[in-house]
Every structure is written in structure tokens, then in C-alpha cells.
Amino acid sequence: MTGATLAFVVVAAALVTASLGVVLTRNLFHAVLYLAGALVATAVVFLLLESPFLFAVQLLLYAGGVVTILVFAIMLTERLVGERITQTSRFLLNGAVVAAAVFVGLAGFIARARQPAPAVTPAEDQVAGLARALVGPFAASFELLAVLLVAALLGAIYLARTED
Amino acid sequence: MTGPGLQAYLILAALVFAIGLFGILTRRNAIGILLGIELMLNAVNINLVAFARFHADLAGLVFTLFTIAITVIEVGVGLAIVIAVFRVRKTVDADHLTLLRG
Amino acid sequence: MTAFTLEIGLAVLVLLVFGATLLARGDDRRWIGWLAGLGVLILTVVAMLLPAAGAQLGGAFVQDGLALFAKRLFLAATFIGILGGLALPGRPFLRRTGEYHLLLLTSLLGMLVLVSARDLILLFVAFELMSIPLYVLAGFAKREGEAVEAALKFFLVGSVSSAVMAYGLSLVYGAARSTSLAEVAGALAAGDPLLRLGLLAVFAGFGFKIAAFPFHMWVPDTYEAAATPFVAWLSVAPKAAGFVAIFRVYYEGMGSSVGLWVPVAAGLAAVTIVAGNLMALPQQNAKRLLAYSGIAHIGYMLMGLAAGSASGTAMVLFYLVAYVFGNMGAFLVVEAVARAEGSESVAAFRGLAQRSPLLALAMLLFLLSLGGIPFVAGFWAKLYVFWAAATAGLYWLVLVGAVLTVVALFYYLIVAKRMYIEAPPATGALSLEPMLALSVILCVAGVVLLGVYPRPLVMAAMKVAAPLF
Amino acid sequence: MAIAAALLTLGLPFAAFLLLALVPRLRRSGPPAGWVSIGAIGAAFLVAAAAWLAEAGGAGVWGWIPGAGGPLVTVGVLLDDLSRAMVLLVTLVSLLVQVYSLAYLHDEPRPALGRYYAYHALFAFSMLGLVLAPTFVQMFIFWELVGLCSYLLIGFWYDRPSAAQAAVKAFWVTRLGDVGFIIGIVWLWAAAGTFEFTALFAEAAAGQIPAAGLALTMVLIYLGAVGKSAQFPLHVWLPDAMEGPTPVSALIHAATMVTAGVFMVTRTMPLFALVPDVLTLIAWVGALTALLAATMACVEGDIKRVLAYSTISQLGYMMAAAGAGAAAAGFFHLGTHGVFKALLFLGAGAVIHAAGTNDVFRMGGLFRAMPQTGIVFLIGTLALAGVWPLAGFFSKEAVLAGVLHGQLTGPFVLLALTAFLTAFYMFRVVFIAFFGRPHDPHAHLHDPPRLMAGPLWVLAGLTVGLGLWFTVQPPAGEHGPGWLAPLSLGLAAAGIVLAWATYQARVVSADLLATLLAPLDVAARRRYGLDALYALLYRGAMLGCSRVIGWLDRYVVDGVVNMASAWSLRAGDLLRRIQTGVPQDYVYGVAFGVLVLLVWAQWGSR
Amino acid sequence: MSVPVLSVITWAPFIGALLIMFTARHRPLAVRLIAAVTTGLSTVLSLWIYLAYDREAAGFQFHEKVVLVPPLGVAYELGVDGMSLLLVLLTAIIIFTGVFASWTVTVRSQEFYALLLALVTGVFGVFVSLDLFVFFLFYELAVLPMYLLIGIWGSSGQVRPRGIFAWAFRETGVGSKEYAAMKLTLYLLFGSAFILVGIFALYVFAGTGSFSFLELQAAAFDPGVQWWVFLAFYVGFGILAGIWPLHTWSPDGHASAPTAVSMLHAGVLMKLGAYGVVRLGMGLLPEGAGALAWLVGTIACINIVYGALSAMAQTDLKYVIAYSSVSHMGIVMLGAATLTEAGLNGSVFQMFAHGVMTGLFFALVGLVYEKAHSREIGKMGGFGHAMPGIAVAFTVGGLSSLGLPATAGFVAELLTFMGAWRSAHPWWLFPAVAGTFLTAVYVLRVAKQIFWGPPSPHFEHLDDARGPEWVALVVLVGVIVVFGMMPGLAIGPVGTATMPLLTRIVAP
């Protein structure tokens, strides 16, 4: 097997383990760290898919941003509780069965899907292309996203703030 | 180069997706559930990028950008709600939130 | 540039409200609500005058008749909703009116775009723009345990569904190799299983939004806990948006592949009708009752969807309009009663007819409309969807619907019984805020007008639905 | 002229009825109300008499229920020999009875008396309408109306449970016969296409009526007569009907209404003539009825009931005659019987009025106390026993002759036996009540007031007069062989002698007779178990069936409906349990939804 | 016809209702007077059209037409023929007397009369409307107010939950007025769904784009269609006409309803069902009617006997009357099913006769109940002394219901018998006749139990009908007797309407 495949297997293994860690570990803090790991692994997957830009975005924005927010949130709640939150799980088996069933269902489809050959040449310079796309055909979506960000931020602040 | 095919990526994404769902179904702690959602959305990103790569189409990457952004937003709002819940109910155990039922 | 008039106008309004929110001082900032209401009213009027326009942004955005029809509906509904909510008591609504309306309007913006979106990304973003503010709004009374609990449930179910939806969208994109719906329609003919899987997953997302069984479970709790005028709006506008989006994704330009969705829609319709109506039977809380009855109504609309024809679509559109007036009206009356009696239970309606005959009459009209009795809008709505389903050959579905209608009438009549038959606990008319009264009156007008003379609206719906097929 | 007369006789009582019904003040005034009715019926009687003397005849028919092709149902009047005679009888007896009642019921509260006369006027109208009916439907209409009057008059003292029960029983039993009657009428209409007698007779004569099923049709029609004329087995109501005031019994349950059946058969004889077997049946039933009733009369202690049984028995005579084809004889007996049975009832009324009891064994020696009554009663009795030269003798002989002539030996024997029994039980009553030892010596018994005595004497006179008239000028019609008259006389005499020996001279012990004829005695006392049977049928079959149906309707037919609704309620209650309130479970909902969609997409949509 | 007399007849009560609602607040006498006047107006006018109707010309007269929704072919089209003429008269009589019979309603009388009058407008509308769509709207208007009328002013009896479904009885609260109201409403609305389907089916299959009765009559429908649509009409209207086994709403409903409402519902609304079957079913679908007559007639026979036996089993006076209605509606449906002149005329006549008869019955029961405060037959006795007038009226009604000559009932039953024997299924005659006998049994039994015999110890100071109540009794008794003695009055015009109908069915 080629190096690419090997890399994929390794990354995939890492990603899956990290994900399992996220959903299985008892310590919430560790769970978040596992999540960070998972996100990083995902970023690496992007890299394997020759999308360096997204790799960066994933690392910075996602792994960075999200994890930070989460840590803040946990620390905040823990401060409010006053002790370390250990989280437990419920009905592991049911969850496992359902999730497995969903996975099987999806996998069944994917297995039946046609197998396109990878495009020989990746798209021309991604960053420029993305930039053009964002101001071009997807400008409207971009604008909306901005509105969404503002509104959500507003709402989040409103809900989270202590006064009134 | 001959790397793993598209299906490999899709299967991987599906797996992560399922794991995320599993987390949501089983976690008690609201924040834990949020993490599960994160995983699911993350799986979406893998799909998108994989397709973009194998079809050599930028739209997928754009889509990914949007997804990431929206995920972040969702997490933010979600955490805000969790905190609000916590303020009033003094718990983040989702399955204790059963005032409303039936 | 007329294509974007409404969206831009609304965006401006959002900015205005935003600015107002920053400037507003004092403990009673409800004037912002007036501002928002006024703005929406203007936009509604504009929308009524606006002509349809062709595709924009390389086909990503379209302002066709369907979109316009839906937008008029959203705006009207939002106007009534804001009107009913103007006098909401409680510190958050007094002091944070700005935020409240800002979120409302952004969500509305999301709807406006959603029904025009012909591009997966735009669709997704609009969908989220519509949904996320709702989570916050559901928990807007953030000092109330129920409210925040409802918000959390709403959020969890919602974000899971949107995750599923996003996953589906990714597959759709992957299979269609494009984010444009037009391409999707083309690709579906090729019959790529991934594409079907993706569309189904997306359907789950919409199912959550329109609250079809079994994606409905957030509905009763959220409706019960959130502020009633908001619920009135929540119970109609996003659902309408969801349906129109469904038309876009699953019917527009699908040609022969339309048949693919008929069994799904029919099955969902059947279970939703049955579950909604049966679960409404034992309810004691008026809002919960209406929540379940609303689920049942979604089932009836799905019947029209299952018809998978232009007429079916048109009938759903008509149903949506009738439903907007009937359901909002009912919720607003509940609000009025609850505010006077301090209770949202059905028992609070005891003897209403003897205390405030007109309010009781209004409620009766709404109930009859929801129950599908002649002279009021709901009658036509039900009749038409049955008709559409029958012409599509779904006789069994029509039978299920008809039989369950009797069940529905049962619990509607129970409320009527409370109002008219039972003796009032106290005497003296209920006090009623003028704006709330006005919103109720608007709903009555809508219900009665459509009941007496539905034809123009039916024709309009037909006209806008025809191009989809 | 004839039609006018008929309408007049019909209209007068009706006018009286309307007057009494619609003017409460008049009705509540009592006696005046009585005089109104009496006046009306009196005038009617005069008209009838005039018509009789003028031998006026004619028919008039008018449409009643319109139809596309001419009226569907017609009504009118038909005045011929038959109806003329019957009208005369009805008006006469009604008149006398109404006059008699005025004194008989003078203790009644005034409103009640008014009501009584309103009923009487209605009855007179109805009976006349029946008699004059030119069509089956009209006959049925008035047939039912006289039934209604009988119901009302039997229940005149409606707060007596026994009276109420008797009235209802009378209505039901006769109604049972009428069920057959109406079916028969409809069938005949379907077969012949008309209800009118003249048309029907014409068709019958021309043999246009399809023979198929005609026998059954006529049997059904005859059923009506069975009910009305108290033929076996529907005779059970008549004895109970004695709960009504005595004059009512005299008029309705002796002279007029109960003879309607005989009248009907006589009237429609041309149709019955088409089906000889049915006639034979009628004859046998009549004879049997006569005998059974006679036997029951022999063991009855209530004077009115004795008379009631004798009425039944005499009706049996008439029917037998009609069945034997000697309708004229039957009708002849109907007339004479109407007179002397009315006489007997009114006499009995006088006795009861005085003695204050119906029980013959608590009477005795009345003859000395009230000679007038005694005499007229004796006359009636002799007539009924068929003793020469009273009216009864001739009509009874005519009947026997007719039956004999019809080669109906069996019925003849039964009737002859009946003749003997008739004499016996009537004189049994006479001897016990009038000649025996006074039951209560201190009772101040006296003859009735003039208003009551008058009618009695009139009727007595008629009985004798008619008898003499016939001796002078024997009636037309059948005449039996020479031995017939001696036979009947002999039987009568034998009966009288036996009665005298048993109850007057006491050389024969009644108990001995009873023990000798024990089975017969018991059966007769038990009324041959018929009443019990009917009671059983009513209670067991009808009410039982109704209970079952009622139960089914409430607890099954309706139960299913309730169960459906109850099930939906329960289903709703169960279903809402899935709404646990736990967020993760809601996510489960979504997950399941997705799964279902997946499964469908995998396998459902190929 | 310059004055739209039918519209006046139809809407006068509605105007009355509005007047009562808005002018007569807290003025009970005014309420009653308005009701009496408006219904009186309708009565007078119906009497007038009854006399003014041209029997030679026949057909639909007093025609009015206002196009409402041109594209849909919905028009406000009114007209009466001999059949509807009679039923309009019936409605007028019943509501007019009903107003007087319920003179003593004190609780919320304003709303009571308003609803009652609104309901009556619906009934009139159904009988006079020639546009199926308007017909249906009126039909619903006639059905809906019933819920409140029974629910608010009704009276509850008690039913002991027994039998295999006892649990269900407890759950649904059988016997209470709320239950009765709910059951009645749901049942009838369920039926109206069938009617609606039928009407729209005709609309579509006719393809004339019109709901007009006359135009649809001209249209020729395919036999298969006729079969199904007739079935739909039969079930839909039949529920209202109380056909077995869909009749169980009627005893409960009629027993619980207040006097005037029972009068109107049993007296007129059930006829509305039968009228629907005859007018729409037979009038528009001759072949369907011909093909399904066997079903209609057979079920009708079940109704007759079954209803009579059930009535016999009841211990509650109102239930007896209610079940007798079920039985008599059987006669109506049977007459119609015979498809013969006599039978159909009898059927229509029976609609009228039974309407008046039942109206009278329920009026009397209402009076008895009001004075004795009991519906238990077993406890009553000897009321004849205290209330002779009521006793007489009850007897007349009873005689009419057992088909005694000189009452309206007899004519109807005679005609039905004749029709039955001439029909394709002669055996129908026997259940019908048996029914009349059973009726005699239970009616006389009840009359004897209540009015005869020694006065019952349970009751003191009973008194006879008073003042306005007499109006109801006298009028109804009078109508029964007059029409019983002069049936031509009614059959004349009815015949003009039924004959053409039959010719279309029998001679295709």
C-alpha cells in the first residue's frame, strides 16, 4: 500500500479514537481535549485531500475557536457548580445500537455509490479561487452568514449575560 | 498518486457521524451533547472536502467554510443556552430537564 | 434589483432595530417593537405590490411567484405575531424588546431567503439563519426554568437535525457535483443512490422544521414554555418556510422523479396525522393541545405534498394560509385568556362565552377553522388537500385523514364546551390589550374571508404552483 | 236522497262529537252534553227509520287519497238492505243505551259524564261509518275507530288498574286481528286494483280476481273479523271488556261493534264465496267458538261475564251461519241478538245498579224485589235460549237450518249442543239471581228509574213483537227439516229443566255435575288456558325480545361506538408517554426517523 | 314573483336571531316575542306559498337565483316543489310551536333562542335551496348549533355501564348531556363528510361546472358513479335519518336535548336526512337509487322493528319517544325504497306526519318533565287527573304513531304498505305492519302507565299545560287530525313532485 494510504489509515485511526474518546471519557475536560484532537486529525485529513487552506482554517478557527469557547464554558459552569463536572452516560447500549444502525445504513449506500476516479489535477490555486467564489456566486450567502453571526452573537450574549 | 478512494473518506465521515450521534444519545451532560454535535458536523466537513477533492470543484470547499462557521455559531449559541439553563436550573444534566413532558 | 427589495428592506429594518436597541434606554423599550411592527407592515404592503422576478446570482436566488407568495405570507404572519407580542409583560420583553425583535427579524430574513434559495449553500445558510435565532427566542424569558429548558431541547433537536441535513446536503453536493438545485434535479434522473440518501437526510432536516412525526418532539415542550405570541408565529411561519423549501428541493424541476418522494410524504403524513390527533386528545394545557393539533395539521399538509402534483402543492399553500390565520388566532386568544386568568390550561376557558362573548366567538371560529367546518377557511383547506390526495389515488390516506378529523373535532369541541357550556368561575369581561385584540381581529378576518370566498387565493396558489412541475 | 240520508245519519253524531270535543264548557256540564248526544243520535235514528221505510238505496264515492291516475283511495257511503238494517239497529240501540246511561251514570262527576257522551257520539259516528262503508279502506278506518271508542269506553274509569288493563288488552288483541285485516286489504288491492266493494264484487262475479293466494288473502281479512267479533282464539278480550260501564257493554260489546266482524263477512260474502274452504273454516271456528264460550259461561259467576261469554257464543252462531253460506241467517241472528242481548245487558245493569255487585251468588230473590227488571230479563233470557215465540227462536233456527243446509254436520252438532248449554247457563243465572233465597234480606232493592226502565221495556217489547211478527209471517230464507224446530226447542227446554233441577229445585247437585265433568269444568274455569298463553307470549316473547334488543342496542351497537372513542382516548394517553421530556429521547426520535428513511431508501424505493 | 318569499321565510328566523342577540339583552320577554314574531312570519308565509303553489304547473316554483361565485358555478338558488313545500310547512309549524313549547326556558334564554332560530334558518335553507353547494352550507348550519343547544340547555340521564363495553361507557361518560351533544355532533359531521364527497363527485362527473340541482338533474351519470354516489348520500344523510346501525346518536341526543330542540331535531332534522336521500339521491341518481333500493328498504325494515322493540325496552320516557322516531324513520325510508307512487307519497307524508307527531310528543314530554321533574316511566302514574289536556294530546300523538285512522300516521302507513307490497320486495310489507302492532303495544303501555291508573304517590301538585304551551299542543294535535282526515291536502302537491322523480327511476 502506498504512503498516502498508510497516512490515511493512521489519520483515520487517530480521528476515530479521538472521536470515541470524546463520547466515552468521563472527564468533560478530557473530552474537550479529545475533541481538539479529533478536529486536528480532521485537519490532517484535509491536508491529505490537498486542501491546505481548509487545513489552516480548521486548525485556527475550529480547533482554536471552538475549543477555546468550550473550555471557557466548562470553566464557567464549573465555577458556578463549584466542583469538577464528571459526566456520565445513559443507555450506552441503546445509543450504540442506534448509532451503529445509522452507520450501517449510511455505509450501505456509500458502498453502492459509484467510484469516481480522483481528478488528476487539484483545482487551481485554492485561496484565490475561494476568494473569487466568496465574492462571486456565494456573495449572498456570505452576507447572510455575517447577519447570522451578528444575530447569534447577540442572542448568545443576551442569554449568557448575568444582568437582568 | 493512488491514495485511498472516495469511499474510504465517506466511510470515515459516516463513522465519525455515527460516533457523534452516539455521543448525543448517550451523554447526560449538555456540554457533552454539544461535543457530539461537533463531531457530526465535522463529519460533514470531511464529506465536503472529499467530494471537492475528487470532483476538483471549489464549491465544496466554500461549503466547508460555511459549515465550519455555522458550527461555531451553533456551539456558541448552544453554550449560551446551556449557561442560561444552568443559571436557572443549577444543573447541566440534560435528562434532569423534564419539567415539560407528555 | 427589485428581486432583492424585500431582503434588503428587511436588512435595513434589522439595522434600524439594531441601532434602536443600542440607543434605547430605560426599562420600557417597547417602542422598538412598534418600530419593527411598522417596518414589517410596510414590507408587507410592498410585498403585496411587488412583481415576480427572474433568477438572480446565476440562479442561486429566485424571486418567482412561489417565493413571493410565501414571503407575503411570512410578512403578514410576522406582522400579526409582532402585533400580538407588543404588550408582552415580563422584564425581558420590556427591557430587551430590541433583542427580541432583532432575532425575530433575522429569522424572518432567513425565511425570506430560504424560499428563494436555489443553491444548496444559500439554502443551508438561510436555513440556519432562520433556525438559530429561534432557539434563543424560545428561551427568551431566560429566568424561567421552563423557557430555558424548552430552548435547550429545541436547540439540541434542531442542531442534530441540521447536522443530519448538512450531512445530506454534502452528499447531494457530492452526487450532483454542484451546489445548484437545477443540477440536482438533472442528476437525480441518473439515480445515484448517494443523491437519494442525501435528499432523504435533508428531508429529515426539513421534517424537524415542519415538525413532522417523529421529528416533532421538540414542538409541544417549546410551544408550552415559550412566550405565546412568539409561539403563535413560530407555529406557522417557519413551517410555511419549511414547506416551500421542500417544494423547491424536491419538486421543482424534478420531472418524473417527483414520484420518488410520494411514499415518503404519504407515510409521514399518515403517522403525523394519527399521532398528532391522538396525542392531542388527553392534553389539558391549551398551548400543548394546539401544539399537537398543529402537528396533525402538518400531517394534512403532507397529504397535499404526497399528492406530488401542482394542485397538491397549491392546496398545501392554501392550507398554509388558512393555518396561519386559524392557528395564530387560536394561540393569540390563548394568550389573551392566559393573561387575564394567569393560566394556560384549557380549564381557564370556562364560561368564556358569558364573560367575553366576542373573544369566545373568535376562538370558536378558529377552532372550527382548524376542525375544518364550512364557512371558515379550514374547511376549504382540508377539502382541497383531501381532493388533491384523492386525485393522486391515495384513497387510504384520505380515509385516515377523514376519520382522524372526527378525533380532532372531538378535542376542539371540548374547548368549545369549556367556553360555552360550562359556567364561568368569575364574572366580568376579560381585559384585553388593544394590540392583541387587533391581531385577533386580523386573524378572524382572514379566517372568515377565506371561508366565505376562498377562490382568489386558490387561483393564486394554483398559478404559483404550476411552474414547479 | 238516500245518500243525503246516509250522510245525515253519519253527520249528526259526528257534529255532536265535535261539539262536545271542542266546547269544553259544554262537555264539562255533564247531562246537557248527554242530551246533545242523545238528540243527535235520536235524529239519526229517525232518519234511519225513514230511510228504512222508504227502502232508500244508493251509493256515493269520493276520492280521499289522490293519485296520479285517479284517486288512490276513496271513501263514501253505500246504502243497501244490509246497511239499512244495520244502521237502524245501531241507531236504535245507541239511542236507548244513551238514554239509559243518563240515569245509570248520574252519580258520575259531570266532566266524566260529558266525556262519556263524547265517546258515545264518536262511537255512533264510527259504527255508522263502518256500516255505510263502500270501500275496504273506509271500513278499516271506522273499524279502527270503533276499536278506539271501545278502548276509551272500557277504560272509562281509567284510574281502575283493572279497567286500564282491560282496555289496553282489548285494543291489542283486536289490533292483532287487524294486522291480518290490513295485510289482506292491501293484498286484495294489489290483486284487484281497487278497494271498492261494488267494483270488487263485479270483478268477483266476472272471475277477474286472480285465484292465486286469494284464499290466504281472505283468511287474513277474516282474521280482522276474528279479532273484532271475538272468535276463537282471539276472544279473550271480550270478557275483560266488561270492566267498562254496563251500558257500554250492552251497546258496544253485545249489540253493535262486536258484530262488525259478522257484518264485514256478510258484506263481503261475494268475495268469500270464491273460496269455499275459507268459508268452511269460518263455520268450524264459529261453531267451536260458540261451544267453548258456552261452556265457560256455565262456570262463570259474574253476571256480566256470563253475558259476555254468551255474546261470544252467539257471535260464533252468526259466523257459523255466514261460513255455511247462510249469511242472511247469520245477519238475521245478528239483528235479533242485538236487541235481546242489549236488553239482557241493560237488565243486568239495572240489577247491578241495585245490588251493587256483579256476583250472581251474592244476589237472589231479586224477582220479588224488582219485578219489572225480572220480567224483561226473563224475556231476554227466553229469547236467548231460543224459546218460541220470541225473536231468538226464529233467528237461531234459521242459523241451524243454514248450517245444516251447508252440509256442515260437525258444526251443526256443536251448535245444537251450544243451544242446550245456552239455555242452561242463562237459566242458571236467572234461577240463582232472581228466584233463589235473597242473599241479603235487608237490602232495599228497587226497580230502576224511568229513564232506565223505558229502554228496557222498549227492547223487551221489540223482542216479543219481532217474535210475534215472525210467527205471523215467517221470515224468508232457509227452512230446516221439520224436526229442526222441535229439536231446538227440546234442547232449550232440556237446558232450562237441568238448570231448574240444579239451582232451583236442587235435586241435582252442581258439585256433582262439576265432579262428573271435572276435566271440562277445570278447563272452562281456566278459560282453556288461553289467557295464560297470551300473557306468556306477551311477557316472554315480546317483552323478552324487546329487552334483548334494547340491551343489544345500548351495550353492543352503541357499545362499539363508545369503544372506538374510548380506545382513541386511551391510545392518545399511551402515545403521549413517548414524550418523556428527556432531550436525548427527542434526539432518539430524530434518529429513528432517519433510520426509517434510510431503510425505506435502501429497500423501499427500488 | 317580485318578493323573494322563500328568502324571507328562510332568513326571517336568522334576522330574529340577530335581533335577539343584539337588542334583547336581559329582556327575556322581548326575546320570546321576537322569536315568536319572526317564526310566525315564516309560518304564515309558508302557509301562503303552500296555498299559492300552482299544482297544475307543478315543478319548482317561487324560484330565486343570485349567482354567488360564477367560476365555481355556485349560486344562491331557491325554489320549492310539492315535496319541499310540505316540509317547509312542517318546519314552520314545528319551530313556531317549539318557540311556545320552550317558553319557560330561563337559563341564558337569549342565546338559546338565537341559536335555535339560526338553526331553523339552516333547516329552511336545506329544504328550499336548489344549489347543492348552498344546500350543504345550510345543512351544516342546521347541524352545528345543536352541539351548544344540547350541551348547554340539555338534561342528563344516567346509563348504568353494563355489558362487554362497560369500561368504554365509563370512559366516554354515556348519559351525560355533554356526551350526547358530542356524539350527535361528531356523528352528523362525519355523515356530512360523505354528503360533501357525493356533492363534489356529482359536480365533477357532471362536468357542467355547476352545482345547480336542475342542471345536475339534466346531466346523465355513469351507473357505476351513480351507485357509489348514491351510497355516499345514503350513508351521509342516512346517519341523520337514523338508519340502523348508525342511529345510536339519536336516542341519546334526543333524550338529552331541551324540548324545543328535541322537537326540531326529531321532528324536522331527521326528515332532512330522508329528504336528502329522496331529493339528491333519488332525484339525481335514478339508476343508483334503483340499484340500491334493496339495501335502503331492508335496513328500513330493520329500523322499524328494531326501533319499536328498543322503544319497548326503555324505562326513560324521552328514550321511548326517541326510539319511536328511529322506528318511524324506518317507515319513511321504506316508503322511499319501494319506488312506487303510493310508497313514495307515503314516505313524504310520513316525514310530515311523523314530524308533527314527534314534535307533539317531545313537547308533551317536555311539559311532563317540567312539571314532574322526572322521566322515569316506572315512577309515574295517574297523571290523567292532574293533566287531562296533556293526556289527551299524548293519546292523539300515540294513536297517530300507531297508525290509527283519522290521524296523519295512518295515511302514511297505509300508503307505505301499499307501496311495499307493490315493490320489488313484497316481504317488506310484513315488518312494516308488525312495526305498527309493536308500536301499539309500547305506546299504549306507556300512556297507560303514565296517565291511567291510580295517581302515583311520587308526585304532588302536578298541573296541566298553561298559556303559551297550549298553543303548541292545540296546533300540533289539530294538524295531525286535519291531515289525517284530509290527506289530499298534502298528497296533492307531493304527488306532483314525486311522480316525475319516479318516472325517471322506474322507466329509464
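Per-chain residue numbering starts at 1, and chain names A, B, C, D and E are given in the order in which the chains are listed.
Methods note: contacts are C-beta pairs under 8 Å (C-beta built on N, C-alpha and C of every residue); 3 or more make two chains touch, one makes a residue touch a chain.
Every value quoted in this text rests on a predicted model; they were computed, and no experiment measured them.
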Minimum number of chain-to-chain contact steps, chain B to chain E: 2
Where chain A and chain C overlap in contact partners, by chain label: B, D
Per Cα centroids, the chain farthest from chain D: A
Per-chain CA centroid nearest to the all-protein CA mean: E
Pair of chains joined by more contacts [C-beta pairs], C-E or A-B: A-B
Computed distance of Cα centres, chain C from chain B, in Å: 27
Whole-Å separation of chain centres (CA-atom averages), chain D against chain E: 37
Centroid spacing, where centroids are CA-atom means, of chain C and chain D in whole angstrom: 78
Computed distance of Cα centres, chain E from chain A, in Å: 72
For chain C, residues that touch 2 or more chains besides their own: 121, 125, 128, 132, 135-136, 139, 142, 148, 151-153, 156, 160, 164, 193, 196-197, 220-221, 282-283, 410
Where chain D touches two or more other chains at once, by residue number: 565, 569, 576, 579, 581, 583-584, 587-588, 591-592, 594, 598, 601
Sequence positions of chain A contacting 2 or more other chains: 90, 94, 98-99, 102, 106, 109-110, 113, 138, 141, 145, 148, 152, 155-156, 158-159
Listing of all chain pairs that touch each other, if any do: A-B, A-C, A-D, B-C, B-D, C-D, C-E, D-E
Contacting residues of chain D [partner chain C, same complex]: 565, 568-569, 571-573, 575-576, 578-579, 581, 583, 585-587, 589-590, 592-594, 597-598, 600-601, 604-605
Contact set on chain C toward chain A in their complex: 11, 14, 18, 57-58, 60-61, 91-92, 95-96, 99, 102-103, 106, 109-110, 113, 119, 121-122, 125-126, 128-129, 132-133, 135-137, 139-140, 142, 148, 151, 175, 192-194, 196-197
Interfacial residue positions of chain C with respect to chain D in the complex: 152-153, 156-157, 160-161, 164, 193, 196-197, 200-201, 203-204, 207-208, 214-218, 220-221, 260, 263-264, 267, 275, 277-283, 407, 410
Of chain D, residues touching chain E in the complex: 63-68, 72-73, 137, 140-142, 144-145, 148, 155, 158-159, 161, 164-165, 167-168, 171-172, 175-176, 179, 182-183, 186-187, 189-190, 542-543, 545-547, 549-551, 553-563, 565-567, 569-570
Residues on chain C engaged by chain B in the complex (per definition of touch): 120-121, 124-125, 128, 132, 135-136, 139, 142-146, 148-153, 155-156, 159-160, 162-164, 166-167, 169-171, 173-174, 177-179, 220-221, 224-225, 282-283, 288
